[in-house]
Structures are given as C-alpha cells and as structure tokens.
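The structure that follows is given in the form of structure tokens.
Naming follows writing order (A, B, C and D), and every chain is counted from residue 1.
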Amino acid sequence: MMLFPTNEFVKLKESLVIYECALKNIEMRIDILLKDFLTFQAYNPIEHVKMRVKTPESIAEKLHRHNLSLTVENARTHIFDIAGIRCICYYAKDITYIADVLKRQPDIIVRGEKDYITNPKPSGYRSYHLILDVPVHLTNKTEILPVEIQIRTQAMDFWASLEHKVRYKYKNKMPDHLSKELILCADKIAELDRRMYLIQEIVDMAY
Amino acid sequence: MMLFPTNEFVKLKESLVIYECALKNIEMRIDILLKDFLTFQAYNPIEHVKMRVKTPESIAEKLHRHNLSLTVENARTHIFDIAGIRCICYYAKDITYIADVLKRQPDIIVRGEKDYITNPKPSGYRSYHLILDVPVHLTNKTEILPVEIQIRTQAMDFWASLEHKVRYKYKNKMPDHLSKELILCADKIAELDRRMYLIQEIVDMAY
Amino acid sequence: MMLFPTNEFVKLKESLVIYECALKNIEMRIDILLKDFLTFQAYNPIEHVKMRVKTPESIAEKLHRHNLSLTVENARTHIFDIAGIRCICYYAKDITYIADVLKRQPDIIVRGEKDYITNPKPSGYRSYHLILDVPVHLTNKTEILPVEIQIRTQAMDFWASLEHKVRYKYKNKMPDHLSKELILCADKIAELDRRMYLIQEIVDMAY
Amino acid sequence: MMLFPTNEFVKLKESLVIYECALKNIEMRIDILLKDFLTFQAYNPIEHVKMRVKTPESIAEKLHRHNLSLTVENARTHIFDIAGIRCICYYAKDITYIADVLKRQPDIIVRGEKDYITNPKPSGYRSYHLILDVPVHLTNKTEILPVEIQIRTQAMDFWASLEHKVRYKYKNKMPDHLSKELILCADKIAELDRRMYLIQEIVDMAY
C-alpha cells in the first residue's frame, strides 16, 4: 500500500478539510435546485445525492498509478476527484439537464466534462462527469477547488459499484466471461431505463 | 377528495406525531443494524432507508376505499401503514435476512408480513412487507403503534414508483398494453437483479 | 390576527422557499468557518447556530405594524429578517470578529448592521445584527435576498428569549417592575460574561 | 499520555461502536419527549441536546487515574460515562422533571444518579447526573450498556466548560484566586437562573 510521508500526510489531512468545504458548497447548490424542482417545476429529476472526500490511501494510490511522487502539491494539481459528489437521477434524459443547470451558475468554472452517457466506455460504464471549480471562503482567504460531479441513474450507479468491485478484485485482469457478462448487464440496464422512461412519457402525455 | 371532519382532523394531526415517534424507533433500530453490518459483518446489505408518515388526505382516501367512516379511531384500528419505512437493499437475497433480523428483536411484535418476493403480485410488484408493533414512550404513558416496513432492491423500488404513478393516473383502469409492459419490465428487473447477484457471488468466491 | 389575501399568500409561500435557500447559503458559509476554526485556528468561537424563516402570520403582523398593505412585494421590499440565522458564540469579544469575517466575503453585500453590544437598547437588549444580501442560484435565474444574522452569547440569547416572551404577553405595556428586573438581569449577564471571559484569558496566558 | 496496547485498542474501537448505538437509543427517547412536549404539553423544557462517545485516550487516562490496567474489560466494567449525552434545559426547575420522565421508562434500568443541583460540588459545579442501562439490539445479540445523561441549564453548562478548561490547564493545582472566582461565578449564575425563572413564572401567571 502506498503511503504519504508523515509531514505531507499532516498537510494533506488539513487540505482535505478544505475539500470537504468545497463539497458543502456544491451540496448547497444541489439542495437549492431540489427545492426549486419541488416548488416551481412540474417534476423533480433528482432521486438522491451522495458525497465523499477521497481517503489519503486512495489519493496515494492514484498518484502512484500516474507515476507522481506523493506530495500534497501533486494531489492538488493533478487529482480532480478528491472531492466527489454523485447525483442519482430518475431517468437518463434528466442527466444532461442537471449538468446544464449546474454549468450555467455564474460563480462556478467548468474545468472539464465527459459524457459517458452518449459514449459509454467499452466496459459498459455509463455516467456523466463534470469537474467544477468552486470558491471556498475561509476566515482569511478564498481558495478555489475542483469538485467532481457524477450524474447517473440508479441502475447505472448500481452497475458501476458492482463493476468497480469486480475490477478491484481482479486488479484489472478481469476474466473475459465476467467483463462480457458486465457489458451485457449494462446494455440491459440501458434498455430497461429507456423502456421505463417511455412508460413515464406515455403517462405524462395522457389527457 | 375525502376530508376528515374538523374535530377528527385535529385529533388525527396529534396522532400522527406519535406515528412519527414510532418511525424514529424503527429508524434507530435500522441505524444500529447498519453500524453492526459495517463494523462486525463482512458485508452491509442496506443501500439506504426512506421514511414517511401518511398524509391525512391519503389516510382519508384509504378509509373511504374500505367503506369506513373518517375517524381517528378507524384510522388507528384499520390502517397499518400510517407510519412507513422503506429499506432499500443491494440484492434480493438480502431481503429476508434483514426481515429476519428485525423480527427477532425481543421488544417488537410482528403483526403481519407478506412476501411478494417469493410470490410477486400479478402486476409484477415485488417487495417484502412487514408490520411491526413498536412501543413509543411518551412523557406520561407508553403507546404501541404499528409501522410498515417494505424491503426491496433499488430496481424493484424504482419499478414500484413508476407502477404507482401509472396506476394513480389511470385510476385502476390501466390500459392493457401498459400493464403488460410493466410486467415485462418487472420480469427483466428480476432477471437483472439475479444476474448481477451472480457476478457478485463469483467475485466473492474468487480466491 | 393579520392574514394575507389568498392569492398573495400562495405567492408568499413560494417566495419563502427562496428565502430558505438564502438561509442554506449562509448556513454553508458558517459551516465552513466552523471547519476553519476547528482545523486551522487556535480556538472556535461559535457555540451553535439556529435558523428560521419567518411565518406568514409574523410577516403579516410586521407589515401591519409598519402600516404597509399585505403583499409579497411589500414583504420582499421592506422586511429584511424574513430569513434569519442566529450565531451563538462563547464570549462577547468573539462577536465582532465573526461579523467581520462574514462581511469580508467577496460575493456578499452588507445591506445594514446594528451593534447593540457596544450600544445596548434601553430594554437591556444586547446583540449584533447584520443584514447580508446573498445570491440564490435557481434553475433558470439568480435572485439576491437579504438574510439577517444575529450574533450574541448564550446568556444574551437566553435573556432575549425571555424578554421577547414578556413583551409579547404584555403587548408592549410591560409593567415597570418587570422591565426594571429585566434590565437588571441583562446587566448582571453582561458582567458575568466579562468575568468568565477574564478567567478564560488568564488561563490562556498561563505558561 | 496513556495508550491502550494494540490488541485492546482494536477491541475497544469496536466496543465504542456499540456505545454509539446506546447513545442513539437515548437520543431517540429524548427526540420523542421533545415531540411530546411540543405537541401535547404547555411548555418544552429542553433547549438542546449534545452527545459524544469518550475517546480512547480519555478512557485510558480515566482507567489510569483509577489505577486500573488498560483493558476493554476494565473500561466496560468500571467506566459509566463512555457514552454521554447532555440535555440542556431552560430552567433549573425543569431538571428533575426531565430526569423523572426518563427514569420512569419501563425498558430502562437506573444504575445510578447524582443530584449536584440540590447539592452543588464545592467547586461550584451544578448538574444532574443519571446513569441509565439501555438495550442495544445487534444483528445476533442484545447488549446492555450504560449511558450517562447530564441535565443542566445553559448557564451551568457554560460554567462547567470553563471550569473544566481551567482544571485541565492547572492539572488540579488550580490557583486559589481562580477557584474562588469560579465559585463566585457559579453562585451568580444560580442566582440569575432563579431571577429569570421568577420573571417567567410571573408572566405565566398573568391573566
């Protein structure tokens, strides 16, 4: 297991507190959107929201995988999912809408985005990734930090957890039949999501 | 819309506060199980938990449907899902395990249970229902109240919300093609849940 | 009791949701300051935080007291404490420090402030009031709303609740002996706050 | 600093999770009392509630102070405030009422109690301590654990924090003038609590 040297570890722990603050900032924005959806819109697309700050061990491992030395500086410069929030929505159609609403907010900078809904990964992975730079106002300074937002449906989310578990177990040497079975499941999920969305559309249009 | 007469409505609102307390009791028990799973067991089967107390409107409607007059007495005697908690778990195999753990607790009485996992409803509905009587200690007396616990997987839960919406829209006169499509989706979900459970079992068994 | 006309009431209820969002914004800022104090500073001055959005009844009453007709427009233009947050701190010395930190944040506008710590009201009331304009990002627009922040010590807060209760009971015709007793209590509280702050200063300075 | 040996430390960390569960149990009971007070009683005596589980360091120190070896067994047998909850109420008169309501609950055993309100400590310390044994239902067994409940007013609580800080700094060799000043503050607080309670009583009796 990769570990930060002690002095870097102490600094990292402090940095992670500021990443928690960045998460709080995005959480507040999503809470406000939820209130807006429930009060002013016909429909609330967000099922629920999960958050986490990456552990030091997982940051160390990611730096190591990218051949970077284990320093706070490297973590802050090269890793953009230290603060991560996952927004689970009801239907695939909701995903880009939620992404657009967040991207439009005036005091946020979009640092990057990847649309694995339109273009799923070969593994079958489907999700929308957005990296947003948000301001964190501390007592005596303002810091700008990246937060990764993953937007996906419940079924995509469940599949992704399973796939992550499998990949982790086999350390990227996943047996062929398992990766094929996972791709199959991912396709079935996408089809089911579509079918159920169709039912909901029919119902909404009914007199 | 069915409405309680004013004096019954006032008493009902007070009763609902006690049902909220009963919910808190069950919520605490599930929180403790979660801590146990995460600390002492190899695996946590609970994805998340949702709760609600039925609204007066919805209680009135249910009494009316059962040809009962709109009184608090009738609500308390005949409706057992006024306090409802939904426990969403990862795999269908987890469902009876969670039910068993709750049923075994010494200061709880099992008033009823229905296993729609083993025997799905004709509509395709799958879920495990448990009605538990729990004690609520108020300042000067103890009341015993029923709480309905529904245990199901995420995909079953999602399907159930959609089916409820369709049924509600068509007031039980659901067009045939929609009910057939819903049954089809329910079967596909059950199959997917099984497939993904299999993948997870294979991974767990791997050396 | 003063009541909004129905159509204004409906609009007001919707507006209050946006005020709740403004509260969330300030709550997030104070949460972040708390994390900063606990991680990077020698001392955390904030004991706890309370929030509330004014009820329609209480807004109506305030408009009436100011001879304004009961419209949402008037509420939004003339009442600045619809969203209110109370920050309870340990010592009187902390109060202006917390106020300063909030006032300095770049995306906030200070609409007004009143320092009843330096200049207590004749009634004995001590507290620091700050009205901040904060942005609320909704799905399709950004609104700017005022939030009132009251900063005071626990003892000042307790006294203020009691005084409010007395004033409310006697409808501003408070018997003389009660208002004198309240002023006496307020002075004793201020003295106690000072004495206990002194003890804490002595302890901090000790080798 | 006292530290548990590694194997005991690991077991202790697991035990502390069960103490957290015991806290949840008492928290639920107090939440329910709060709902009762706010719905069915004329008056809610509880201002707020705080909880904590003792840290391993602090448990080790307490065992050491009592000349006990650092084992989980000793911690569980001899320390009764590992799980602690503090119930802050408005007036001194409320304290025994809240204690009585908790003591009366049928599935709780009172292991001990100390009334430092009627008989303050020589230091000036005022508080009511109750040790309750509560059941914790885990997946496969039920454990009975003690929880300490401290009931006091806000001002008593504030004083106690300050006194603790002073005592901690001077390691029980508190300078005489400081302990005298603390006793003076404690007496003034008790007098103020009484005066303000009187005001509130007068107001409640007013026509």
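To be clear about the criterion, contacts are C-beta pairs under 8 Å (C-beta built on N, C-alpha and C of every residue); 3 or more make two chains touch, one makes a residue touch a chain.
This is a predicted model, so every value here is computed, not measured.
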(request) Return the chain whose centre of C-alpha atoms lies at maximal distance from the corresponding centre of chain A. (result) D
(request) Let me have the rounded angstrom distance from the C-alpha centre of chain C over to the C-alpha centre of chain D, please. (result) 29
(request) Averaging only over C-alpha atoms, locate the centres of chain B and chain D and give their separation in whole Å. (result) 36
(message) So the centre of each chain is just the mean of its C-alpha atoms; given that, what is the distance between chain B and chain C in Å?
(response) 41
(message) Multi-chain contacts only, two chains or more: what residues does chain D have there?
(response) none
(message) Based on which chains touch which, is the overall arrangement a line, ring, star, complete graph, or other?
(response) ring
(message) Show me, using the given definition of touch, all chain pairs that touch one another.
(response) A-B, A-C, B-D, C-D
(request) Can you check the complex and tell me which residues of chain A touch chain C? (result) 14, 17, 20-21, 24-25, 27-29, 31-33, 35-37, 39-41, 101, 105-107, 135-140, 142
(message) Under the stated contact criterion, what part of chain D meets chain C in this complex?
(response) 48, 90, 154-155, 158-159, 162, 165-166, 169-170, 178, 181-182, 184-185, 188-189, 192, 195-196, 199-200, 202-203, 206
